[in-house]
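A short worksheet on the structure shown next.
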Amino acid sequence: MESAHNINVDMSVRIGALELRNPVMTGSGTFAAGREYAEFMDLGRLGAVVTKGVSLNPWAGNASPRIAETASGMLNSIGLQNPGVESFCANDLAWLAEQDVPVIVNVSGHSLAEYVAVTERLDAEDAIDALELNISCPNVDEGGMAFGTSCAAAADVTRAVRAATGKTLIVKLSPNVTDIAEIARSVEAEGADAVSLINTLLGMAIDTDTWRPKLARTVGGLSGPAIKPVAVRMVWQVASAVSVPVVGMGGIMNAEDAVEFMLAGATAVAVGTGNFVDPATTMHVVDGLERYCRERGIDRVSALTGALKR
Amino acid sequence: MESAHNINVDMSVRIGALELRNPVMTGSGTFAAGREYAEFMDLGRLGAVVTKGVSLNPWAGNASPRIAETASGMLNSIGLQNPGVESFCANDLAWLAEQDVPVIVNVSGHSLAEYVAVTERLDAEDAIDALELNISCPNVDEGGMAFGTSCAAAADVTRAVRAATGKTLIVKLSPNVTDIAEIARSVEAEGADAVSLINTLLGMAIDTDTWRPKLARTVGGLSGPAIKPVAVRMVWQVASAVSVPVVGMGGIMNAEDAVEFMLAGATAVAVGTGNFVDPATTMHVVDGLERYCRERGIDRVSALTGALKR
Amino acid sequence: MSCASTHEDGHRLLERVTVVANDRVTEGVGLIVLESPRVARAVRPGQFVHLRISTGTDFILRRPFSIHRAEEDRLHILYQVLGTGTRALAEKRRGEEMDVIGPLGHGWEIPEGTAHALLVAGGLGAAPMGMLAEQLSACGVAVTVAQGAPTAERLVGQGVFEATARRVLTATDDGSAGEHGFVTGLVEGALATDRPDVVYVCGPEAMARIVTAQAAAADVPCQVSLERLMACGIGACLSCVVTTTDGQRRACVDGPVFDAAHVVWDVSEIPPKH
Amino acid sequence: MSCASTHEDGHRLLERVTVVANDRVTEGVGLIVLESPRVARAVRPGQFVHLRISTGTDFILRRPFSIHRAEEDRLHILYQVLGTGTRALAEKRRGEEMDVIGPLGHGWEIPEGTAHALLVAGGLGAAPMGMLAEQLSACGVAVTVAQGAPTAERLVGQGVFEATARRVLTATDDGSAGEHGFVTGLVEGALATDRPDVVYVCGPEAMARIVTAQAAAADVPCQVSLERLMACGIGACLSCVVTTTDGQRRACVDGPVFDAAHVVWDVSEIPPKH
């Protein structure tokens, strides 16, 4: 073990056709398109940037208040506010293309046709390395989570989007289901190259002074350390059920948390709410993961994936 | 508002045929049969004692470790360890019968026949005021949650148990489902007098030193403040979907938390994990609820139920 | 200090800071002084910092606070104790460390040719106005402050206003100091008497809205500092949107100071505790 | 102090206590002294308290700690800094308050006619043995202590052992004090030389298991104090079960001290950090 401290750790992992320099990505919607964070960290040291969800036309998002703090977590009901795919390509993507980091674009839609239209448009962009199909947003009335809570709907949208792009396709799953492994198998069968999970748990908080919901939209998505045990469990269930890679997320604040997800079966991980706590959290996770491996004489980080002992 | 401070608050609530002196009960499995807590509080000031789950034959429960702490919560995989219904009636129930507090017995089973057999045995006991049918335990391999995650199974077991008892029947629902309101409607249709929710969320934690799950059984149930937003949301969804009373629980640590559940639609509430933090938590909730109403000039606590403004 | 009428918002920093002092100012209000050399040198009036009060997981979000004054290497923050975060802030002792992100947001602008400014502060609305009064007075602008609070003791930030303003008008809800009534009652008169070139307002949203209307009626440009619930504080999460006539804007980067004429007032956007 | 060979466990209390002192004893080990009159008067050797270290929600469970010594109104707790809770405990300052539930559990028993006792402590296993050594010596029982630790500095609780025991034997993993090796290496000899009437053991479970076997081979009754993860600490939640030849028993009420001959050793029950 003494000499182990000097080993070089191979931090690379593979998601579909995509080789990442390390397993640490950003959680969609918590990192915009990275520009705001570039002042605090080196985007080039990330495994990948996953952008905020992009839809065909601009979405205004939900009314305010849009967030509420909860014990070890937060609720959000942002509602996929975004300027639409054309504006996204002209602005955010054009900027991201100049950075030295793989780009994964999170795809939103109100309907199957809209998911396909966004995908077709994004497929034409060379700067995009992979798409993450968001069928799990709890914060929109139509589309979003509705596609992610039934196997048939999840399969339908995956099939349609798969046909519309040759890029690596990651499908982002909802935790608000009875059997997430079953949904994962459905999307794998339709050609998803990977699955990512978990999106937020549907939650609610009430102001006991005003008797009103703390979120204008009443319900929203719960994220942060509070949900980590549910997320780790689901990653473990899904990784045991499918053979495509799993991107794990939910409450990751440090490298130990990331290790937990990898041991449970994740090939890569994403930091969401953690970015708000410290804008350099992703960097701490990258450095900490490498240190974790080095100190234990593990020469490639991918050896952690699914290494849980029972 | 000045004079409001002197009003008498009617703290009573009704669950089926059961009139409770106040809405505060104990979460099954966190309070045994109350005897251990009697040293720290006055059982007679509780709305009701809900006992640990009771099965036909003794259950050994799961291997250790059985708990793990998580951010603002804990995982448990006790596994319904209990001495069986005969021993329960001879010891715990005999003791409880002497206390001045309504008794609700939580009913467990591995199979439909076992649920019915336990119910028949308990139905014969005058000291029991109501039964809580546990179809949501995530910690047993057969039975438990399997009955609570499909409408058909939930309906079947409710129908069978309903036929076996004339006592007030509360069905305890699992949060590990896509649509908890649908399950609630199924059990209401089969004659449940009330529903209680939520039981624990299925979760998992991994020791990053040993690479083993922190629980011997790998997965367990997440409880405590971390889950409160999910619990409040589900109570709100269920209360909007059924007309029977709802008993709300999940992360209640103080009176404000209890108010949140009542505003969301709960008629009564239960304190689970909060008992471990402070053995007198239930008393603080009773006193705090009364104070909350008094300070606002609310003359009956039941006015809070479903009073959420939107 | 520059008197540029508009400015580019500077580079944002993540800085480890040390508590120099933390004292009670009045019932439920504290003043914390942080040794924060890099942010203190960069901050402009109306900007804020995003403070990480706890490093545990009990509450994970940062808390946004305006810079009341920046003095050499130090930031002065006036804060009101409201909930979990500000209660923990009140317990910070000299020597303890925290980290801040700042300076953040777009602050107050000084329109070209401003000779006279009216600052309207309701309660803790005085917080983001200390540096503003200092800058205006350093630039030779005549400053009138109209300040309101529930009681005389709750009139905070008076030190800096007395030192910089030509006139400080006050109103209290209980009449324990100045006029008996709301600060909005002072504004009408000040607008008529002083004929200011610009009105700056910060306070409860209902009050800010009235002042906006008063300024509009007098045809004086008005800027308002708004509060929103904020997660990231740097423009990434879209928690903090303000509806404006130019669409949804982010309070943390496009604000917290907005041209009041462009704000589409909507009660539902007011944070719950106000 | 009574010399009753067995005892009824007393009434359990919820008491608000004040930190009187909290000092580092050695690398990673502290000694906290709590003003806790009611518990201090009721506690018996081998019992523990359930300490609420945080009142926030970052970690919500209490932490169980043995009473090392009880002196008038004060509880002395020796603790090892391991994780979130013990790190927070190490930061408690004189004058801070906490609340404890105690005294809890079934402690050490003194069999009828005990003239000579062997106490075997591994590392922090010394924690629950201070009061025991005091009681035994007060009752005229000859005490031999066999204590092991990784290094000389980690031999904790030596003060009370030197004051009460006839002999204190030590072993360290690195040979920096006493024998070079494990404490189990001392036990064989002590059993043969001293012919004790009872063996008391506390320490890592692997070590306790060996000592149990050694005592059994020498036909000496043996009691062991076991650690389990505990939620309620008062017997209600069934978190803390120990498999015994009499079935599943709760460490918090039926233990933490068990008749070693009845324990069904099972590595999977050992808390993860040990």
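General remarks:
Per-chain numbering from 1; labels A, B, C and D assigned in written order.
Basically, contacts are C-beta pairs under 8 Å (C-beta built on N, C-alpha and C of every residue); 3 or more make two chains touch, one makes a residue touch a chain.
Note that the coordinates shown come from a computational prediction; the quantities given were computed from them, not determined experimentally.
Common partners of chain B and chain C, by the touch rule above, are A, D. For the pairs A-D and A-C, the larger set of C-beta contacts lies at A-C.
In terms of the distance between Cα centroids, chain A is separated most widely from D. Rounded to a whole number, the gap between the C-alpha centres of chain A and chain D is 47 angstrom. Chain A and chain B have CA centres that are 34 Å apart. Of all residues in chain D, those that touch two or more other chains are 57-58. In chain A, the residues that touch at least two other chains are 71-73, 210, 212, 224-225. Taken chain by chain, the contacts link every pair, so each chain touches all the others. By the touch criterion given at the top, residues 70-73, 75, 149-150, 176-178, 201-206, 208, 210-213, 218-219, 222, 224-230, 232-233, 236, 251, 256, 259-260, 263-264, 292, 307-310 of chain B touch chain A in their complex.
Contacts from chain B toward chain D in the complex involve residues 29-32, 36-37, 39-40, 52, 60-61, 63-69, 71-74, 76, 78, 81, 207, 209-210, 212, 214, 216, 224-225, 253, 273, 275-280. Only residues 71-72 of chain A touch chain D when the two sit together in their complex. Residues 54, 56-58 of chain D are the ones that touch chain C when the two sit in their complex. Residue ranges of chain C in contact with chain A, taken from their complex: 11-12, 14, 52, 57-62, 84, 99, 101, 228-229, 231-241, 248, 253, 266, 268-269, 271-273.
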